[in-house]
Amino acid sequence: MSRLTQRRPTKAAQPPGTVEYVGKHKVENVGITVLDYGPACCRESTPAALAELLPHRDSETVTWIDIDGLHDTELLQGLGAHFGFHPLVLEDVVNTHQRPKLEDYGDYLYIVVRMLSYDAEKRELGSDQVSLLLGSRYVFSLQESWGDVFDPVRERIRNGKGRIRNHGPDYLAYALLDAVVDNYFVILEQLGEEIEELESLLVEDPRPEQQRAVHQLKREMILLRKSVWPLREVLAGLERTESELLRPETRVFVRDVYDHAIQVIDVVESFRDMLSGLQDLYLSSISNKMNEVMKVLTIIGTIFIPVTFLAGVYGMNFEHFPELAWKWSYPAFWAATLVVGGVMLSFFRRRKWL
Amino acid sequence: MSRLTQRRPTKAAQPPGTVEYVGKHKVENVGITVLDYGPACCRESTPAALAELLPHRDSETVTWIDIDGLHDTELLQGLGAHFGFHPLVLEDVVNTHQRPKLEDYGDYLYIVVRMLSYDAEKRELGSDQVSLLLGSRYVFSLQESWGDVFDPVRERIRNGKGRIRNHGPDYLAYALLDAVVDNYFVILEQLGEEIEELESLLVEDPRPEQQRAVHQLKREMILLRKSVWPLREVLAGLERTESELLRPETRVFVRDVYDHAIQVIDVVESFRDMLSGLQDLYLSSISNKMNEVMKVLTIIGTIFIPVTFLAGVYGMNFEHFPELAWKWSYPAFWAATLVVGGVMLSFFRRRKWL
Amino acid sequence: MSRLTQRRPTKAAQPPGTVEYVGKHKVENVGITVLDYGPACCRESTPAALAELLPHRDSETVTWIDIDGLHDTELLQGLGAHFGFHPLVLEDVVNTHQRPKLEDYGDYLYIVVRMLSYDAEKRELGSDQVSLLLGSRYVFSLQESWGDVFDPVRERIRNGKGRIRNHGPDYLAYALLDAVVDNYFVILEQLGEEIEELESLLVEDPRPEQQRAVHQLKREMILLRKSVWPLREVLAGLERTESELLRPETRVFVRDVYDHAIQVIDVVESFRDMLSGLQDLYLSSISNKMNEVMKVLTIIGTIFIPVTFLAGVYGMNFEHFPELAWKWSYPAFWAATLVVGGVMLSFFRRRKWL
Amino acid sequence: MSRLTQRRPTKAAQPPGTVEYVGKHKVENVGITVLDYGPACCRESTPAALAELLPHRDSETVTWIDIDGLHDTELLQGLGAHFGFHPLVLEDVVNTHQRPKLEDYGDYLYIVVRMLSYDAEKRELGSDQVSLLLGSRYVFSLQESWGDVFDPVRERIRNGKGRIRNHGPDYLAYALLDAVVDNYFVILEQLGEEIEELESLLVEDPRPEQQRAVHQLKREMILLRKSVWPLREVLAGLERTESELLRPETRVFVRDVYDHAIQVIDVVESFRDMLSGLQDLYLSSISNKMNEVMKVLTIIGTIFIPVTFLAGVYGMNFEHFPELAWKWSYPAFWAATLVVGGVMLSFFRRRKWL
Amino acid sequence: MSRLTQRRPTKAAQPPGTVEYVGKHKVENVGITVLDYGPACCRESTPAALAELLPHRDSETVTWIDIDGLHDTELLQGLGAHFGFHPLVLEDVVNTHQRPKLEDYGDYLYIVVRMLSYDAEKRELGSDQVSLLLGSRYVFSLQESWGDVFDPVRERIRNGKGRIRNHGPDYLAYALLDAVVDNYFVILEQLGEEIEELESLLVEDPRPEQQRAVHQLKREMILLRKSVWPLREVLAGLERTESELLRPETRVFVRDVYDHAIQVIDVVESFRDMLSGLQDLYLSSISNKMNEVMKVLTIIGTIFIPVTFLAGVYGMNFEHFPELAWKWSYPAFWAATLVVGGVMLSFFRRRKWL
């Protein structure tokens, strides 16, 4: 499927609310990790069966249930039934080409964001969908495969470092969103260095490969924007939401991550401007270089054209050709050649063509 | 008529509210299909006369009346009189070049959307107008010709699959809009693949045909935007409408299809950016390639220019020409030729022109 | 006066509210046509004197007073005094370079729109100002010269066709605005066909005339936008106006013509995009064509350069020149020529330069 | 100081509210003109001392105090103290690089606009700051130097022509703003004519001077926009202001001058579009012209290349060279030359290169 | 770290609210300067220990605490604890890549702005973060290193010049913001002069260095915009804030500095437009110049091509070659040469190629 369109082509025949994973089954087994914590305690477990998850809905502690792998339809529908998730939510969880969004279902908030990765060699951005479900006592995080940017959050919960253990699930959701946005800066850092490197290469010695690199980076920017602009809306919506799931003291943190998202957008837009500038620079550099070459070559040609004509003249076989018999003809020819060449060169130099 | 303007040129002399079909009479006979269903039952019929349709206005069951072909003015005016449709609505139904829009007439909502098709060979988008009339117990769908994207919806009603049979006509209208928007993704998928194919061709070997293809795709994007931007407004309006015809539990579904419309717009805008990028890439590729050619050719020419001059010199017929009699003149000439050629080549190489 | 600025340069010294016509006195005599109608009756007259117009202010019937020619200052001031028009309104009526606008003066609405015409040969848009004054029992339409787009409306009133005779002056004003906007579609149709024709010419055989035509059309688009964007605001304002002069049942019609104005804007913006695309297409086509020429010519030159050098060599007059005496020298020369030419041609072909 | 930045570089070390003129002391003496008028009377005076101005604050008549020259700090501070002007207002009056703005200080409104002049030879816009202070019985107008666009207003007051003498100071302020905006049209008229002249020159015979003229006009447009966009805000603010200094009957006039400002913006934006179009036209014209030249020249060269080669061949000195002895060789050579030339010409013509 | 992204890459693993300076430890020692003043008094001190600062929280006088250097984490946390600053505020203070912003924490306002410097030689903008904390009796200003733009403010406080000593800390905060914005004008002045100089160089003699300079300036503009657009929001927010920390009489001053920020944005946007214009000018100038060169050279070549062919013809060795024996052949050859050259030159001149 094209990387550009990013949506299920097969769904058309399905009724809305159908929970069928459309991705590439990135993982073999669905991995479930549960972190159950409070100010004083922290329990970690990897339950194998759905039944073990259900009690967390009503427990007093905060529970973070992280699910890696989305093809186990039964599991998801079981969860949905027990936790009361709307069928459209489950459909969006498994259709992993969603635009980032925030939806308030009263009992829980549904948040979709995209986690980025960057393959520097192919110059290709990858983006994985992360679904967060924030309830009054739990946070679900669902994604397609193993490997995420949440390890620092896990560490903080385990160590009891920072204030995370003393806050509710809304703070946890904030921490996860913050980790996602922080990761954007890592990606941007990489892209920024590539752009600056490209710039210095372009100034020194412009080459078609660089033009292609600029084009690729521009394309990735288009994809990047599709992740970050809606993210801003998600965070703005979260800050303004009237839902009681988000406590007042957490809002200041949401505003902080919102500020970071704005900063990401600023940087992305700067990159777009930079890349347009590089495109212009490339075109005028290549044209400068080319013109330089053509000019010198044409000048060399032009200097020899009149003297070659002269040599042709004295190669003619007319019988009545007085100069041929003159004694100083040949040296005079060379003298004329040097004079013509010199005059043309100085003419070119005077008009600043050399 | 030009594909760009899309509006009745003949109407000028008609009073507003005139119901006269302006299209190309795409179908021979008007086809009417009625699907009448409730949670437990589902009846399908193809009534031949207007009278058979009239009772559905007040029946308890949900009725979907699908009309293919718009040239039977009498039929439409009969329907309009019985169901109470405003003359401007009927006028817009048959003037099939409307912009997508939503109008609330109190007893019913009038929705215009455009159904797309794509002819990959001519690289031309086609767009058919679909008019939906959503009343309290019925949905009318009217279009110019046979063939639509509604088959999955029909299947779901017939099979009783999904929740469609348990909901009212507002859910049916949603399902139809969803089918239309889902079809957009199919079209975008095709366009996306064409764009990516074009991109890889352009990088390998840029040709004028590709430039023309880029131009055609850009033109189709202009047309596509004219369908999707107003569609977004229609769906946003539908989500926010105060009409009681749209029940609260259906709104979450409308929001879902609205999200998809936004996603369509995102993709269309990305495509536009991509195509601008391809345009730039084409221009700089063709200019790179061209310059490469010219450079090598000019260099070949330049290397031979001085030595051709030398040959001309020794072809002169002066009587006093000492070199001509020397024994090693001829080998010396070749040696000079090789030296000059070598010096110029290495000069070109040193300045990175080769 | 420049077509671009469109405003009275002489006014500076006049106090605001001065009623002095600044146009080119397009008509000899001011033509006044009165259509006075109700559901059952319709009287048409062409009064010669101001006094005949005055009773229409208070009559029960709807009166449409159409004035062609604006240089009779006395007439206008007489009307203004009797009907209570603000001096600024009269000033704007005669200063025929107004931007479309809507002004609510309580007793009457003042509407300015621009009526377009297109001279296909010069590729020039003309635009005439039409002022509408909508009171409770009358509509004034004022324009600079004979000839307008209102004939269909006149016909409908005379024939009693459609609903126009049963409605008030607000519906008449709507009908006039609708006629103006419908005329825009006729103009756009013409422009659209010209653009499509240009496009197919450009693809086949790009020429400087086409570039100039693109430029002219772009310029006319700039002028066209200046008429249609404010028109949209006028119609939006009319739909939302709180004035009681516009009855509720007429609002749905105003919304309809507003929809058409939006559609006009959509088309104009599409045309602008199309013309930018044509500009790009022209530039890259001409550059493709040019490069093609230069390439072939340079290649021809290059193939002959080495062999011309060879001929020069054997034209040298050295006394010690072994090849000259050899028997097969001459055929060998031709063989070498063919080999060199063939090698270069195959080299060019291998590198895809031919 | 750069024309682009337009702001006091020396102020940094001054506390806010410092009244120190930063301009170029354009006039020798400060000129004060007072016009004191009512419906029946009109007195004109040129007071030499501050004391003569003070009574006008409370007089019943309307007073227009026009001050030309801003370097007399004492005078301004005296006025400020007596009329109660805020120090920041006085600071802005003398720092004559303000952006147009409107500030409501309760007792008076402070309005800054910019008066334009155009030096057609250098193609340079000049802009002078005009400060208006509108109180309940007076209007101050302050500017840097003699010479303004207010003469028509003065004439109207003196003659009692129009309604100006019957209105309050708010109408006077309106009249002054209207005079400023009317002057914009004069400038735009000049610019518009220059643009149209440039366009016709460019179409006929593109030259580098025209490119430079386009560039200069574009630059002036940038400066012009900086004056007119904020002006629009000023007038919009004035129309909406809740200040009682602006009487209801004057608002309709302010709306009128607001309309004119919008029209100015429309024209400026059109000019920008036009100039971009000219830029494109120039580039493609110059490239058309250039390509035409190069093509014809290269073709001439190419036709002679093969025949020059042929002449070279028969200039070779081989001993075994059968053709040299043939009787018809020489005429045959010319025949071959004509055939080759003709074939190439017809080939070029067939491929439409000539 | 890349200048483009400007954010902590190492933070990812830290919990939010961690106060750890990420900059380059620009100063050795943290410098603390305290200015404690009222209408009548002014005390200056440089306390060495945290404890000396604490009493200022509750003193009656206004206290400005200026901290240069941010790596002393303990100091900051001590201040934070005593003055009640939120941990996120302290985190943002030390993470010196913040976007300008305004945050209202009830007891105090947190303001981030960026102070610019410009290295004219490298054509590089530098930007330092300045954090202001405005409480009811104090203002903190925190920055990374020594050297700021606040000296004039300090002077005014020490001298009691202006009104600063009679106002509260809100006026002080305004004065600091005004100093920062005033400094922007100094930078813009420098940039403006560079742009104008570049422009005149480009018109005279376009060179690749200038193209590079244009590119660099465009890049700096991108960075500059990232500082000034958010600054505008900060100041607009400050003007509208409902916080009681900003007294009504200070708001008019904030509006003044807001006006200046708008003016800065206007100038920056003008510069961007100017630089785009320069880019276009460069490209068309270089292309004009190049074409000029190529044209003259090609013409020289073309004039010699036919006559060189003629010389080649009479260099042929045919035995039957009547012209060779004619007496006037040689002079006739020169005559032909001159005629051909003259005809071609006049042809070129007539077609305006010379």
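Note that the chains are named A, B, C, D and E in the order they appear, and that numbering of residues resets to 1 at the start of each chain.
Here is the rule we use: a contact is a pair of C-beta atoms (placed from the backbone, for glycine too) under 8 Å apart; a residue touches a chain by one contact, two chains touch by 3 or more.
This is a predicted model, so every value here is computed, not measured.
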*Leftover contact groups, counting everything except subunit C*: one piece
*asked:* Under the over-half criterion for shared residue numbers, do copies subunit B and subunit C use the same patch or different patches to meet?
replied: different
_Rotation, 0 to 180 degrees and nearest 5, that superposes subunit B on copy subunit E via CA atoms_ = 145
*Quick one: report the Å distance separating subunit A from subunit D, using the average Cα coordinate of each chain.*
42
*Between subunit A and subunit E, what is the gap in Å from one C-alpha centre to the other?*
26
*Could you check subunit A for residues that touch two or more other chains and list them?*
287, 294, 298, 301, 308, 312, 315-317, 321
*Chain adjacency by touch: line, ring, star, complete or other shape?*
ring
*In what order do you meet the chains if you trace the ring from subunit B in the direction of subunit C?*
B, C, D, E, A
_Residues of subunit D touching subunit E in the complex_ = 1-9, 11-18, 86, 88, 92, 98-99, 101, 103, 205, 208, 211-212, 215, 218-219, 222-223, 226, 279, 282-283, 286-287, 290, 293-294, 297-298, 300-301, 304, 307-308, 311-312, 314-317, 321, 323-330, 333
*Which of the residues in subunit C end up touching subunit B in this complex?*
149, 152, 155-156, 161-164, 175, 178-179, 182-183, 185-186, 188-189, 192-193, 195-196, 203, 252-253, 255-256, 259-260, 262-263, 266-267, 270-271, 273-274, 277, 280-281, 284-285, 287-288, 291, 294-295, 298-299, 301-302, 305-306, 308-309, 312-313, 315-322, 352-353
